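Two complexes follow with chain A in common, the first pairing it with chain B and the second with chain C.
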Partner chain A sequence: MIRYIVKRILLLIPVILAVSFVVYFLMDLAPGDVVSMLAPQDATPEQIEQLKEELNLNGTLIERYGRYILDLLHGDLGDSYMQKRPVMELFAERFPATFKLALASQVVALLIALPLGITAARRRGTLIDGASMITAMIGVSMPSFWLALLLIILFSSKLGILPSGGDNGFASLIMPAIALGTSQAGSLTRITRSGMLDVLSSDYLRTARAKGVPEKTVIRKHALKNALIPIITIFGSNLGNALGGAVAIETVFSWPGVGRLTTTAVNQRDTILATGCIIMFTLFLNVTLLIVDIAYAFVDPRIKAQYSK
Partner chain B sequence: MTKKNTTINVENKEQYKKRSMWAEVWRNYKKNPSAMIGLVIVVALVLIAVFARIYFDFDTDIVQQDVQNKFAHPNGEHWFGTDHYGRDVFTRVLYGASYSLIVGIISVSISCLLGSTLGVVAAYYGGIVENIIMRICDVFVGIPSILLGVAIMSAFGQSIAVLMWAIGLVYVPMFARIARAAVLPVRDQEYIEAARVIGVKDGAIMVKHILPNALSPIIVQTTMGVANAILTASNLSFLGLGIPVPAPEWGAMLSESRNYIRDHGYLTIFPGLAIMITVLAFNLMGDGLRDALDPKLKK
Partner chain C sequence: MSEKDLVLDLKNLNVKFVTEDATVYAINGLNMELERGKAIGLVGETGAGKTTTALSLLRLVQSPPGVVECDKMEINGKDVLTMGIKDLESMRGKDISMIFQDPMTALNPVFTVGEQIAESVFLHENCTKEEANQRAIEMLELVGIPGERAGEYPHQFSGGMKQRVVIAIALACHPQLLIADEPTTALDVTIQAQVLDMMKNLREQYQTSLIMITHDLGIVAEICDEVAVMYAGTVVEKGTLEDVFNHTKHPYTEGLFNSLPNINDRKAKLTPIKGLMPDPSNLPEGCAFHPRCPYATEACKQPQHLRQISDTHYVVCDRYNEPDFHIEREEK
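After this line comes the complex of A and B, so read on.
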């Protein structure tokens, strides 16, 4: 198990290097550059040279990337060109908002998916089952930013009961969480249903029923616990997706998160900030997936046994 | 009596033989009502896209402004109303179908071709080739796809071709993984070795003897992939990084509608509905195909 974790953590190094390489070079290819954005209209060539010097932008692309990687290996993500502050500081400021939103959206997803999936599995083949599955499919197919706009129309414009943007307390979290959570509830519902179906047809459930355990206890204590295992996997990758995929939702709700920070950095050609943010995103995504894998092993002894081989 | 029975049996057998694998798949597919709904919607969308392209003129019907007539709420003449330039939203939504379908289908074709090739090559050669290909895929799976898309779009500029490549490349690793996993069990089978011994070239072995084993999962993934690609494309356009305005791409229309959301909410409803129906149709089809191709999986 320890060996497996160490291996996974070591595998993160090439991932991070590759991400930094790809994003840094893409940003460099992008038309327009930060120097011409920052320099005054009538800047002399000397002034531009000086600005480049200040921003540490002189030298060829390879030289600049080399310097960036050297800093990165020391754990330094550099300073944003536009905001003149360390990338790490900017990211740390904005990350809690995104993390809060991602977690809240997962709570919404679970609240929708668990009842829907369990009911569908118990009433397998009935109209209720079909309706639940269609609902789940619609959830997956709905663009989350569209749902976000519809929620704003209903709850902010028409009813005026929820704020349409910003991060001010619980009320402002409701709509973004629903918008982001609904699209994820779809896949979660399907996994819950198929996990429950597997468990419901198992021998130990028949035994439990045969010895007279009430149906409620059978579902809660015996079935759900085992059906949870596949749910945890998809929950982990969903949480990771929510962290990275919240960009549009953050834009719609003016949510002060890292998704918006990243897109703004890309638009302003702030290579250092954009690369740094995407590196951090990738790191969080992969660490989340690793934690899920480990949690998986703890929930299911059968999997733990596989790792120790 | 006995004679009669045998003849009937033989006839049945012949009928059974005539049915190819695809006829069998279609027979299974037809039985699934939601899959058929998906198929009907997709066919309808393709027809709409083709006829909208032929019937409407881009310059006069789609982008020409009629400012006096702006913000007409849905009525008999303008079924979905008109937007901030007085353009008919219904016409624009119909015309927009072609963008989503083209981007969805072509970008998934890119990822399917590249990804399946990489996956089959990795599985067939094994060893260091497999290691290199799969590790590179691991790296790219680790990057959040929307952010990668944002970076690619801003590097190469907004155009429909860049959008297709951006989305296509983002999903290559997924196809590579699926294709590899599907053909891995076949790699060491005797018939492959036999083919090699009699001198069949590697390329021919991969195409004729290995790839067919991966067809079912690849077909399912391709159909679902179109749904995903359409969502991603509209997401990027919504962020202002997809197909540039004034083209009536649904995500871009939603992005424009945000400015008038307070008083003209109808502008938000129809493009989003169009995205949802399209994505839903491809998802239903993919689901139906999975059941039809592999009835064992059906639950």
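After this line comes the complex of A and C, so read on.
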């Protein structure tokens, strides 16, 4: 188990190098650059040279990337060109808001998906099943920003009971979490349903019932734990993605998360900040997926047995 | 008739499965009585409705599509038909429990075997989790598995050991009535003998009544006091071991015995029963066995009657209306 975890963490190093390489070069290929954005309209060539010197932007692309990687290997993500502050600091400022939204939206997704998926599976082929699956389909198909706008119209403009934006306490978290969670609940519902369907006809549930286990416990304990592997797989990748920030939702709700930080950095050609943000995102996604893999072992003892081989 | 101490009293059980395509008549007018402490063997081909009978007793027939109708179903003196779900749940595993056919799939892969045995104890006996776990360990040792393996998962056990665990679960609360659904079918012969021996001992120890579902007449001879032969969802012949084995009356029972290998005459050809089990969604008129029966006449296409041969021996075959009718199998 420990060996497996160490191996996975070591594998992260080439992944991060590759990601940084791709992002850094793409940023350079994009039209426009940070120098022309920062320099005054009537700057002389000398002033521009000086600015490049200040921003540590002289030399070829390879040279610049080399310097970046060297810093990165020392754990330094560099300073943002535009904001003149360490990337780590900017990211750390924004991350709590993203983290909060990611967790809240996943809770919303689970609260919708588990009951809906389980009910659909238990009443397979009935009207309830059909209605649940259509609901899930709508959840998957509906763009989250559109739902966000509808929520704002209803709860902020018409009813005036929830704030339309910003991060000011629990009330402001409700709508973004619902908007983001609903769109992820769709896929989670479908996975819950199909996972439960596989399990519901199994002999061991009959054994449990024959022991006198109440139906509720049969479903929640005996069936759900067996159906959990695909559910946590989807849950994990949803959570990992949400940790990278939800650009659309953050924009609609003026949510101060890393998603908007990243898009702003890209728009301003702030290569250092953009690359840094995406490296952090890669890191969080992979750690989440690793945690999911470890969680498998606790859910299913047969998987645990394979790890120890 | 004197009051018998019946652990099971079942009258006119009918089970059908209604689907869009067809209605499958799985059990048709089945009667069964079992005295406390006795063991009855339920014998018949695959598809005769043995497992469905057992599941009906536990009220575990899936509905829909299953429809269970019955005049009387009493287990341990309790009317199972009118029971609410709470009472059913407290009856299952306590008054009546079942050993399932396939040990490979009957255990939940994500819980330890100890947990799975203890769950039953914890549900039915007024005890703490620790006491339940302690009892689970005792049960494991009773079925010949070291107690320290209680913390292991089903995939760490062999098939025979899994079957022992399934038996331990079924016996954990000392049920009055135990249904064993082909408990040895999935096991190899040496393990079969061990499991049967063990069940015999445990039954003597706890005075449990037993319904042994099997298609193996050898197992019946070894374990049971009575035999009920099932065909197409109904009992065609019922009696003590002696009655059915040595004074066979029903042509179908005869067919079953004839299809067994004879140890004294190893060159003899096996004589299987001709034809196949009828399609339960389209049963023949009258005696369901008549299309395969060598003694069948036109009269067999009429509804058949239960005939009492002796105090204990019953047969459903109207050919016995003719005074000199007898089957070929000799009386022993």
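Throughout what follows, the second predicted complex is superposed on the first by the 308 of 309 C-alpha atoms of A that agree within 3 Å, B and C clash if a C-alpha of one lies under 4 Å from a C-alpha of the other, contacts with A are read in each partner's own complex, and residues count from 1 in each chain.
Please note the rule applied: a residue touches a chain if its C-beta (ideal position, glycine included) is under 8 Å from a C-beta of that chain, and two chains touch if they have at least 3 such contacts.
Owing to the predicted nature of the structure, the values given are computational and were not obtained by experimental measurement.
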Checklist entry - Here chain A is shared; do chain B and chain C fit on it together or clash? => result fit
Checklist entry - Between chain B (first) and chain C (second), which does A:127 come into contact with in this model arrangement: first, second, both, or neither? => result neither
Checklist entry - What is the contact status of A:251 with respect to chain B (first) and chain C (second): first, second, both, or neither? => result first
Next on the checklist: With the two complexes overlaid on chain A, check the angle at chain A between chain B and chain C, Cα centres, nearest 10°.
Outcome noted: 80
Next on the checklist: Under the stated touch criterion, which partner chain does A:210 make contact with: chain B (first), chain C (second), both, or neither?
Outcome noted: second
Item to check | Comparing the two partners chain B and chain C, which touches a greater set of residues in chain A | outcome: B
Item to check | Which superposed partner A:142 touches (first chain B, second chain C, both, neither) | outcome: first
Item to check | Touching partner for A:62 - first (chain B), second (chain C), both, neither | outcome: neither
Checklist entry - In the superposed arrangement, does A:23 touch chain B (first), chain C (second), both or neither? => result first
Next on the checklist: In the overlaid three-chain picture, which partner chain does A:305 touch, first (chain B) or second (chain C), both, or neither?
Outcome noted: second
Checklist entry - Is A:2 contacted by the first partner chain B, the second partner chain C, both or neither? => result neither
Checklist entry - Once superposed, minimum distance in angstrom between C-alpha atoms of chain B and those of chain C? => result 16
Next on the checklist: Need the overlap of the two footprints on chain A, from chain B and from chain C, as residue ranges.
Outcome noted: none
Next on the checklist: Using the touch definition from the top, list the residues of chain A that touch chain C in their complex.
Outcome noted: 202-204, 206-215, 222, 225-226, 299-302, 305
Checklist entry - Within the complex, which stretch of chain A touches chain B? => result 11, 14-15, 18-19, 22-23, 26-27, 29-31, 134, 137-138, 140-143, 145-146, 149-150, 152-153, 157, 194, 197, 240-241, 243-245, 247-248, 251-252, 262-263, 266-267, 274, 278, 281-282, 285-286
Checklist outcome for this item: In the complex, the residues of chain C that touch chain A are 58, 60, 85, 89-94, 97-98, 100, 102, 105-112, 116, 119-120, 123-124, 153, 155-156, 166, 169-170
Next on the checklist: Per the contact definition, I'd like the list of chain B residues that touch chain A in the complex.
Outcome noted: 34, 135-136, 138-140, 142-148, 150-152, 154-157, 227, 231, 234-235, 238-239, 251, 254, 257-258, 261-262, 265, 268-269, 271-272, 275-276, 279-280, 283-284, 287, 299
